[in-house]
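In what follows, subunit A forms one complex with subunit B and a second complex with subunit C.
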Partner chain A sequence: MKTGLAARFNSGLAWLLLVLLVAPALVAIPVSLTPRRFLSFPTDELSLQYYRKLFTSPEWLSSFGQSAVIGLSSTLLATTIGTLCAIGLWRVSSRAGEVMRAILLLPLVIPPIIAAMAFYRLFVPLGLIDSYIGLILAHTVLSAPLVLITVSASLAGFDPRLEQASRNLGASNWTTMRRVILPGIKPGVMAGAVFAFIASWDEIVVTLFLSKFSVYTLPRRMWNGIRENTDPTVAAAAVVLMVVTLVAFSIWALAVRRQRPTE
Partner chain B sequence: MAGIGNSGSLHLKSLVKRYGGFTAVDNVNLEIERGEFLTLLGPSGSGKTTLLLMMAGFQDITSGDILLDGQSIAAMPAEKRNFGMVFQGYALFPHMTVRDNIAYPLSVRKRPKAEIGAKVDEMLDLVHLTDFGHRFPKELSGGQQQRVALARALCFAPPVLLLDEPLGALDKKLRIEVQAQLKEIHNRVGTTFVFVTHDQEEALSMSDRIVIMNHGRIEQVGTPSELYQHPRTVFAASFLGKSNFLHRKDAVYALRPEKIDLAAAGTGQGANTVSGVVQSVTYFGAMLKYQVQVPELGEIEVDVDAWRGGTPVAEGTTVDLTWANTAAVRLEIEPK
Partner chain C sequence: MRAIPRHALNAGWILVLPFVVLVGALFLGPIFNILWLSVSDPTPGLGNYTELFTSDSLGRILWTTLRVCVICTAISVVLGYSIAYAMVHAAEGTRNKMLGLLLVSFWISVLVRTFSWLMLLGRNGVVNSTLETIGIISEPISFMRNELGVLIGMVHYMVPYAVLPILASMQSIDGRVLQASRSLGATGTQTFWRVYLPLSRAGLVAAALLVFIINLGFYVIPAVLGGGKVLMVAEYISVQVLVTLQWGTAAMLAALLLFGVLALLFLMSRFMKLSTVFGGARA
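Showing the complex of A and B:
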């Protein structure tokens, strides 16, 4: 059968692509377990020494902490800004609004290296280089469009009559937003927050431009680890990075499933 | 004032709504009396929903005014108008239980908890949903959701309740049941109801008065029997019930199918008698519907009580049609 063959070919191709996409990331797992002193595949035995090093070294721990602080702060800011933008554009829904939306999505289109240079030029005179605030602001700008996209998708499925009903029943704009709109678009807001966190959590290009000595995020330390020596701790850090990302996604997926109708 | 609720009068003065070049509502003047059940009836695009949304405050007014108990509310935002509204599709908040939905208008008004609880109990009782307070909207049937929407819209004792095709999503049998419940609730609360529908039976059976709308204008206003017995225009005569139209000289008359008697050829006795040939007979249980071709009038529809008529007259038979002088109503050629 022709269709059956085509379908099988399609799904085979999809699996092949999936493996090609995921395999390079998974290479970090065996490498992180190597007993040797440089980046290599373990041959006869496995060792957890680099995980021990990762979780005991003050430098690595401090980088974890910094990445978490910057990631969570920029997530909070980006989620707030992105959600408000999405609701505003949804309410206005005009041609000017669509132009505005295109402008707001620009950070996704601009190559990171260009964005990094722009931030650098802007932040030097402002004294924001090598500061938490500078990185948090930059990551917020980069990740707010992600929130705008996910929240807008949620709003597309939101019945505008619910907003009318709320206002008709006497609720102010603010009450309507807090008690009717936000609960209705929660899955989109949470998805946006997860994407925003991940975007900041493994961001390297802009970080390289904006940090020097005092701010040293996890991706930055990994970058240096690979460049200066071939310390397998980098592989262990990569595995931890992936696990954190996966956990964030899982929390979101579970939360969305709980939101679904119970039947 | 009768009833346990509140009630207000609405006065629409020369209301106009234009979208670019299109006039959705065209110079509507209407007095809605305190406590009445008024229906806006018309086909889709007739402006009835736009008119309702203007009363609710969700559509700006191009020109004209809306008065509530003599005070202009045209510039007042929707949330300040204090009107209840039952939306098409009900617009219940899906993340709130039935109780929380009904309590919403009271809690946004910051009423004390005890008062809210008592009021919600009272409303659940009014709509016969006492045991359903803890359920979510999606766990209810369409008819139950409709009642929750009604309870939510009435619990803050609004002076006016606006209903936008609230029975459209229900199947026919349930709709008749809900019509009776809605009418009963209207009698109990005494609130002014403004009801939008395109269903003429619904309009006839529930309303104190009906406003027939067409192309953004009011075609005719009156009680259901006034409109049915004395339609003024071709549109009113054909949209509310069925009519045969008789063209005589320069006038048009509307003649309801059930007001015509059908008799064997040559036996017709009445002020007006014509003869024609039966084209088709359709059986509807309670009645028989005949299409009769009359040379001077065209095709005439005649309804005969099925139990009265004996054996149906066969197709191709020549018959006499008769009707009383008062049965045919002279229409205005141009509306107003």
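Showing the complex of A and C:
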């Protein structure tokens, strides 16, 4: 189709919209550099005091640590369980398997507020409220479906005859899995792990229900900061949160790019 | 089909088992418990559901939720369509840059966005002071603690979700059909409205349903940008559970939300394979 005036106008509009999608988040950067004691834009001088505060205050540091522990633990669990499940469903490859896949993806589509209620109701009698284990388990349930999706996508491009060849040559189930299947689907496993980590690192709704005093993740502390809306440290935390997400995203994007020529 | 030896079939299910146990015990089981609560707490029966017709505040909350969701979905889908159209018709390099921006925005935390909107939309925020400086307005516009602010925040969050299904369906349109339309004498505008738009309908419907589903249970943005003035279902549920401890009402609302979402998902699966929407396995 020729590029008409309307199409050219539309692509201008699309670029504007795309820039507007990303740009508002950048406002946290100047606010985090304010020298003043309240949330404001710096006018004449810049100050790093709120980054210093972020990285020296025991509260924020413990939140970073807790978010990292919960994020990494739930990523490890979700990646293991999700990868095994994807391989299992790929082997089963039946209608029942597809129904099971749909059921296992439910944690992705059911609103987080319902998940939060369900976990809360379950964890109160078990004494898992405000505990690491509770949050790790909850985040694992919410992020394992992401791993299932990415690993299944990798498996869709994996030649099942390789598995048969390995078996015919006498390899055991376990050896076939470790030496043939896993190397073949590595990009999907890595992508799933990155998504699972980001999902846990950013998670707030379920965390609001499950944490009280002793477990206080980074999003939980940011949520308080946003509600109080006075301390500029929250702006510095927003910038750090964004940077970590972007780094994880770039790792994924580079992995995808490197994988492409061999496909 | 490849031949599968019988023991391999069993081995497959064993690998699926840990995930099934986890989701069953920690997620689906407790959700059934919530459904049960909705008809058993505080007294057995449908009392919680009849409240829907008798309580003014419940009616108002449902109406606000539906109104905000419908408006937000309409705007997001129109903007998403424009972006997807431009992406499909751009050269490959440009398209990858556009996709990059889209995915970056997709992954920026909802908390960071909410915080940024607070800074931008406040009475003395960037938007108001800019508009005042260039003389478009004399009084600051109030964006926050009302539906306008909630809509801005939600649309901003939702546009990338709207783009992805539309993009998938536009990419499957055969360019020769459009050429045929042009060579038979239709103008560019006619071709768009009579040929292109109907061909991308599946993506459009799937995008609208997806955005609507996510909107229905949205918590963070309405709670912060609405500042208690725009009370939607998710925030109301959290108040019922954590503050007033009325599990029955909360469970009833959760049940409504759940059945609404599942019905819409079923509808959506008839327009587009869900795996395409979620970027999954067998597209």
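Quick note on the criterion: the second predicted complex is superposed on the first by the 238 of 263 C-alpha atoms of A that agree within 3 Å, B and C clash if a C-alpha of one lies under 4 Å from a C-alpha of the other, contacts with A are read in each partner's own complex, and residues count from 1 in each chain.
Note that a contact is a pair of C-beta atoms (placed from the backbone, for glycine too) under 8 Å apart; a residue touches a chain by one contact, two chains touch by 3 or more.
Computed from a predicted model, the values in this text were never measured in an experiment.
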- Query: Touch check for A:Leu33: first (subunit B), second (subunit C), both, or neither?
  - Reply: neither
Give one of first, second, both or neither to describe whether A:Val180 is in contact with subunit B, with subunit C, with both, or with none.
-> first
Between subunit B and subunit C, more residues of subunit A are touched by C
Subunit B versus subunit C as contact partner of A:Ala236, first or second or both or neither: neither
According to the stated criteria, A:Leu135 is in contact with first (subunit B), second (subunit C), both, or neither; which is it? neither
_Touch test for A:Ala196: subunit B only (first), subunit C only (second), both, or neither?_
neither
Does subunit B (first) or subunit C (second) touch A:Val215, or do both, or does neither?
neither
TODO: Check the residue A:Gln164 against both partner chains and state whether it touches subunit B (first), subunit C (second), both, or neither.
DONE: both
Contacts of subunit A common to subunit B and subunit C in the A-superposed view 161, 164
Residue positions on subunit C within touch of subunit A in the complex are 1-2, 4, 8-9, 11-20, 22-23, 26-31, 33-34, 37, 79, 82-83, 85-87, 89-90, 98, 100-105, 107-120, 126, 156, 159-160, 175, 178-179, 182, 188-189, 191-192, 213-214, 216-220, 224, 233-234, 237-238, 241-242, 247, 250-251, 254, 257-258, 261, 265, 274-275, 278-282
Counting only contacts in the complex, subunit A reaches subunit C at residues 1-4, 6-7, 10-11, 13-15, 17-22, 24-28, 31, 39, 41, 81-82, 84-85, 87-93, 97, 100-122, 137-138, 140-141, 144, 148-149, 152-153, 155-156, 160-161, 164, 173, 198, 202, 204-205, 208-209, 219, 222-223, 226-227, 229, 234-235, 238, 241-242, 245-246, 249, 253
The residues of subunit A that touch subunit B in their complex are 159, 161-162, 164-172, 175, 179-180, 183-184, 261, 263
Within their complex, subunit B touches subunit A through residues 56-58, 77-85, 87-89, 91-95, 104-105, 108-109, 138-139, 152-153, 156
